[in-house]
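Consider the two complexes below, in which subunit A is the common component and subunit B and subunit C are the respective partners.
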Partner chain A sequence: MKPAPFAWERPASLPALLDRLAGAAGSVKLIAGGQSLGPMLNLRLVEPDLVLDITGIEELRQARIEGETLVLGACVTHADIEDGRVPDLTGGALQRVAAAIAYRPVRNRGTVGGSLVHADPAADWVSALIALGADVEVASLSGRRTLPVERFVTGALEVALEPGEILVAVRVPARPAGAAWGYVKHCAKIGEFAHAIGAVRLEPDAGRGRIVIGAVEGPPLLLADARPLFGGRIGPDFAERFDGRAADAALAAAGMTDAVERHVHVTVLARAVAQAAKPTPLSLREAA
Partner chain B sequence: MSAEGVGAPLPRKEDDRLMRGRGQYVGDIRLAGMQDVAFVRSPLAHARIRAIHVPEAFRDRVFTAADLDGVQSIRAVSGLPGFKVSEQPVLATGKVRQVGELVAICVAPTRAEAEDIAASIVLDLEELPAVHDMLAAREPGSALVHEHWGNNVFLETLVDIDIESAFDAPIKVSRTISTGRQCMAPIEGRGTVVQLDHRLDQLVVHTASQMPHIVRNGLSECLGIEQGRIRIVSPDVGGGFGYKAILLPEDVALCWLALRLGHPVRWLEDRREHLTANANCREHHYRITAYAERDGRLRGIDCEAVVDSGAYSAYPFSACLEAAQVASILPGPYDFPAYRCRTWSVATNKCPILPYRGVARTGVCFALELVLDAVAREAGIPPEAVREKNLVRPDQMPFENITKKHFDSGDYPQALARALTAIDVKAVRMRQRSPEPDGRRIGLGLAIYCEQAAHGTSVYSGWGIPMVPGHEQASARLTPDGGLELRIGAHSHGQGLETTLAQVAHEILGVPVARTRLVHGDTAMTPYSTGSWGSRVMVMAGGAVAAACETLRDRALRIGAHLLQARPEECQFIGGHVVGPSGDVPLETIARTWYRRPQDLTSDTDPGGLEVTAGYKPQRDSGTFSYAAHAALVAVDPDLGAVEILDYVIVEDGGTLVNPLVVDGQIYGGLAQGIGTALYEEMRFDARGQPLASTLADYLLPGAAEVPMARIEHMETPSPYTRFGQKGIGEGGAIAPPAALANAINDALAPLGVEMRHSPVTPRRIVEAVLAARVGPERAREAA
Partner chain C sequence: MSAGLAEPAAGRMALSLTVNGRSLRVEAEPRSHLGDVLREGLNLTGTHLGCEHGVCGACTVLLDGEPARACLTFAGAAAGAAVTTIEGLDDDPVATELRAAFNREHALQCGYCTPGMLVAARDLVLRLPEADERRIRIGLAGNLCRCTGYAGIVRAVMSVIAARRARGVLPDTGAARALGPVGARIGGTVAAPLPPLPGRAASVAPATAQELSGTFEPAHRFTQAIDLTHPPEAVFALLGDIEAVAACLPGAVLTGHPAPDTVEGGLQVRIGPIAATFRGRARIERDEAALSGRVRGAGSDAGGRSATQGEIRYRVGPGEAPGTAKVALEVGYSLTGPLAQFGRPGLVRDLAGRIAADFSRNLDARLSGTTPIPVSLNPLRLVLGLARARISAWLRRS
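Up next is the complex of A and B:
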């Protein structure tokens, strides 16, 4: 299990990286934490001609608050978030998601940007950041653009990156006042990729809510208007109003034919809703 | 018991280096001029080889079957009547019969370059229908793994002891029960480094092995060179569990390659090779019927068992070890009057099945203990009542069971009773009466097994496999400064032998454990042994070390008596000293005298001196019977299928414990593997015989979070047949957990009409069964 030969470079700045990316002949892969790409290289599932290590670019490792938005550089690690080394505007939601990703050694190296770009449907950030209403910021030599995570992740292991583009940051909006957050995943064992993810951000005061059903075959299923899952109305009694049959129907409509799988996803989603209804902050263990 | 002798809970000496990362494994060996090997392996489960295209540039770095002049296939023949022989080629010839089968050797200065060469080789294969299902493999018209056999059955056996007498029993419970295919997954995979020693005219084979001497037998036979030209060195071994008891084609290939090229060559198995090409184990299928009285007393057990043996008969245990063992050990620790068992060892297009810790016992225990719980439910009595009615009683010891197994000693009902008390069965049943606040369901599961260990010549000679254990030998040598060197032919792959055998020697000679060194894992330096398998080393090598040390002690006593100017009859050997009427003399002085001041010895001193090789067999070689009662308490989430182990109790009897800490460690490790079998580990194959897990992301092993801190209680009923009363216990921890946990899950889910009968009991399988039961009980049974 050794990778096929490849060239390796570590640009020191974003312009240098974008230049190199634009000018490279042959196939190129970017590496940050390498927690997915490393094994894929070793298994020869990918055989790039050039690997560009982006962890030397200071800008990508920074996090900051811009008004009502938290901006996480692509190379911020899960552990940076778990340990509170980056600011937060989500009321601890990001921290709880980060703390339950895989195992600590994976969290030490794995990055939020890398996880999104890899777009494994079972990964945590893909679902959690869509539920949080986050955007990604993408850069190339011709400039920058921003798009919602749900439009960035287009399929299993597929994202809307054009040649020469890289994901530079994730922009997470502040948690609206009164918003309730729930995130539950189901794994056969701790650290395993999830078999089902339920992520909910509900605003009972505003009567709104976003729901994501993740760890499905394709990209996560987003219900940007979650009211149909609550009998048409999201209010303070949302936990009692949650309608599992409506969720089941939504999954069936989305093409999930396996009734057992739908049952597991609906159960996990119901628990995420119940978690959101809990008044007290959850322990990390419970959130996991 | 002295502070360091038999029974002392000493921390393991070897852990000082192992836990500091200073162990020396095959992968740590660096030799000048060494090159790495990568194999081209079959991507298909069953195919005819039309051609192997090797790029011109690599012609001198790639070798195929056509190059292997004079190398014989691996043949692991059983003498049991009707056994069909498989020829396991070192490199595939004509056909490939499993994914991962070796097709070509590629050699290069580094493994990465060798893999580059391997990637450039094109195989022209004509795919054949894969035999992937052992039940379908027995049907007429199935594709054939070995055409000339005419069918796919390695061996069929039948035992029938008056089964018809049970047919009128008021309770008859039939179940189909099965265990998934697994991989053994020691932390260290296989690895072999071979060099030529021109001075000694020897192939020096460094390989991670549990049984160096058996590897030498096999290599000599396959390579056609005399044993004296082969030396096997097995350094630290990072877990074996049976996988490292096997001669692999890779080992033979590396030896041939070193002879051909003249420079050292190395192959280190990677995890993908491990998971997809080797190390398969456990896949059993049972149709089992229990006949019983209404009070739970068993009248008979009737069983048809099928084992998926894979493509080839693995050396030296053969393809029929599992199934033949099933027939002989299925009755477990229970006494009942009628029995029938028919078994089939079936060839399929999968990796050969290999003996994994517990060997067939884990599957047998799973089948029998699950069906006993089904009897309890049918009879409307608690599961412990069925076991109490049928367990062998202490007043029957020694006891010969229905398949003529000779139980040496023990109090099985006491183990059960203590386990029930420790898990607090009354409190559990109270708790089950009211719903849990979190909606989960609580269940209690029991499993009891016995583990025949250190069984010897009389047992294995009947099987006629390439390896029959006889006397075990050990050498003991005092050094001139009074230290002790022990040599055994078995090898430690994690058992702590450097500590426990030093304790045995200390018991007799009084030499401090810190001053006793164990030399093992090297055919050039140790007596012949069949090696470490069958939970045999503490009984066999322990007995041999004791025997050697006793002779050494007697010789030392005579020298000491002379130094004390006393007659030997007047002297005693106490705590490392010879004590006479006028004083005492320590072993150090005796050793110094023998080696360095021979002028002080008398003319009638034993010329054998202070170095002894002694052989040992227990008084009976039919094996020791350790046993344990496992009790598991679980919480099951019926909607997600998640299982949490809330409590786990093990009451075990390993006879006299040489080192209780080491025994606990063995039990914890075995439990972790048993939990893997019960809940997580499964190597599935698709209809083309492709293994569906190639990394540890797909092949789930229990981790620290999944293994509870079990509570262990010891009973110590000595074996009447062994040197100190010790019994083999190495495999036991892995035997009962799948049965105990499945029974606990079934206890939890019984009110929902769910009964799980396949291991691993995964979340998916639980949810399937729960949902099916909501539709109707018939569906639930199918789903399980």
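Up next is the complex of A and C:
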């Protein structure tokens, strides 16, 4: 359980990192908190020549609000969000997701950017941030670009990063007043990777909503227009209108052939819808 | 790294660490994790190593005062950090109370999990507002104890929290702390070159072809269907040509044909940053009358760390349109080793689905008389194909 040898460098600034990334010979992996890459290195499933530690870069360890958008640097940790050390525009949605990721010692080092780039289909942020309509900001020597998380996560453990690019920030839009949020995951043991995830962000006033069914075999299944799952209309009575059969059909159409698996995912999604409909805010600290 | 440090030995990096209050200069290989640095380099063997992939919690230490996994914190990531191990908690007031409570409540038996358990318990005592059993159990879920059943541990932690809150000690909100992973310093460049180890690139030992055991009960099963625009008989005939089948299977290489029904070769698979090449042997059986067959194979990856055994049963039948065929595949496999420890069946199915799609496209091309383009498993292309398939599947339904 020891990694194969690698070189280690921690550049002190983003330009230095991008220079090094563009010029490095051999295979390179970026590391932030290392809570996903660490196990893969220890198991020798990944054997890079060079590991570039991005946690020394100040810009990646900041959070700020830009108008109606929360900007989280790539190296903001789950615990930073859980403890409220970063501002919030999501009415506690991010905080609730963060507090239930893995275990506290993992949350103290694991980062939101690292989790997205690792793109494990069963991890929390890939599903939650797609449902929240977040974007990622990507930088390289030739400039920056922004793309929605659902286009960033292209497959199981696959993202749309080009060579020389790094994810620098996550941009989360404000949750409008009246927008309902529900996020439920099913784990057989607390802290393990989820077997099913349901994430819903519904705007009953505007009659629209997004739903994500996560912890599937590939990238999370995004239903950008969730109305078909509510009999064609999303209103204040969305919880009663939720149609599990429509969700089941969506999963079947997306290629989930196992009826038991579909049942688990639909059940978890129904719980997320029910949670979104609860009038009282849930306890923010569901995990310790 | 600060300029005051002398040059480290070849292949090692020099780190300045504060360990249990003492400022130290430590040398370590870049690949060493903090658990090994503490145990092997500093003889602080109170930090235990269990799973070494972040699950068991035995190696939990305090980094800059907060609990973190020593096994998932590489040496370079801790440069400049303050580390507190179980040895450094002798005079800590919370740990002192916890030790008394663990003793009183019989909260340990073999003791292997105890150092990590105490570090995690101390964090709960500091942070939880009250002695809530459910939240304590959730908070200890990342520290595996196989002796006690947790009953005594939970009682011990509850009693310490209750006693402290009764004395008016308030919980810590953790508000004052820089953003980012604990233990990681802003600025401060660290650089350690790759150790000049002999034979690093040449360590790809040929895996031994495993014998195919008589009975095989696969751990995972799935089915897959391939549609081809050629008649069943032609498809079945092609499936009997093992060289042609291998040429159509992405990532497959044939290296030998020691017996008429036996082939040797390899299959390269790639999931994200993980790449593995399985080498092994397969035996082929065919039933000409039923247009069906069976391929049984076993192999291991370079170095023989991950091993797989599998069986593919196929049956060629008529497709929906005249002159077309449908191949029904039943796949069963077992996977052992690190890849199995990490992998989940869903990821393998996703990969198998992508391989099957490429395979059927190549078979179709071959049957039409065009040579399939030699394919390696290009993850980007596969993923694009996958994304397209999913999008179109969704569009079809809405």
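In the analysis below, the second predicted complex is superposed on the first by the 283 of 288 C-alpha atoms of A that agree within 3 Å, B and C clash if a C-alpha of one lies under 4 Å from a C-alpha of the other, contacts with A are read in each partner's own complex, and residues count from 1 in each chain.
Criterion: a contact is a pair of C-beta atoms (placed from the backbone, for glycine too) under 8 Å apart; a residue touches a chain by one contact, two chains touch by 3 or more.
What you are looking at is a predicted structure, and each value in this text was computed from that prediction instead of being measured.
In the three-chain model built by superposing on subunit A, subunit B clashes with subunit C.
For subunit A, the partner touching the most residues, choosing from subunit B and subunit C, is C.
After overlaying the two complexes on the shared chain, residue contacts for A:24 are found with neither subunit B nor subunit C. In the superposition on chain A, contact of A:188 is made with subunit B only, not with subunit C. In the superposition on chain A, A:259 makes contact with subunit B only, while subunit C stays out of contact range.
Look at A:43: by the touch rule set out above, it reaches both subunit B and subunit C. With both structures placed on the common chain, the touch criterion links A:75 to subunit C but leaves subunit B unconnected. Applying the stated contact rule after C-alpha superposition, one finds that A:268 touches subunit B and leaves subunit C untouched. In the superposition on chain A, contact of A:106 is made with subunit C only, not with subunit B.
Once chain A of one complex is fitted onto chain A of the other, the partner contacts of A:8 are limited to subunit C, with no touch recorded for subunit B. Only one of the stretches 60-68, 168-176, 204-212 or 312-320 belonging to subunit C overlaps subunit B in the superposed arrangement, and that stretch is 204-212. The residues of subunit A shared by its contacts with subunit B and with subunit C are 1-5, 39, 43-44, 189-191, 193. Put simply, subunit B touches subunit A in their complex at residues 110-112, 115-116, 119, 270-272, 639-642, 679-680, 694-695, 697, 700, 702-703, 705-706, 762-764, 767-768, 771.
Contacts from subunit A toward subunit B in the complex involve residues 1-5, 39, 43-44, 186, 188-193, 195, 259-260, 263-264, 267-268. Within the complex formed with subunit C, the subunit A residues making contact are 1-12, 16, 29, 31-35, 38-46, 49-51, 53, 55-58, 60-63, 73, 75-77, 79-80, 83-86, 102-106, 108-111, 118-119, 121-122, 154-158, 189-191, 193, 216-219, 221, 223, 225, 228, 249-250, 253-255, 257, 285-288. Within the complex formed with subunit A, the residues of subunit C that make contact are 11, 13, 29-33, 36, 51-54, 57, 60, 63, 66-69, 71-77, 79, 120, 123-124, 127-128, 135-136, 138-139, 141-143, 173-175, 177-195, 197, 200, 223, 271-274, 276, 305, 338-339, 341-342, 344, 346-347, 349-351, 353, 379-380, 382-384, 386-387, 389-390, 393-394, 396-398.
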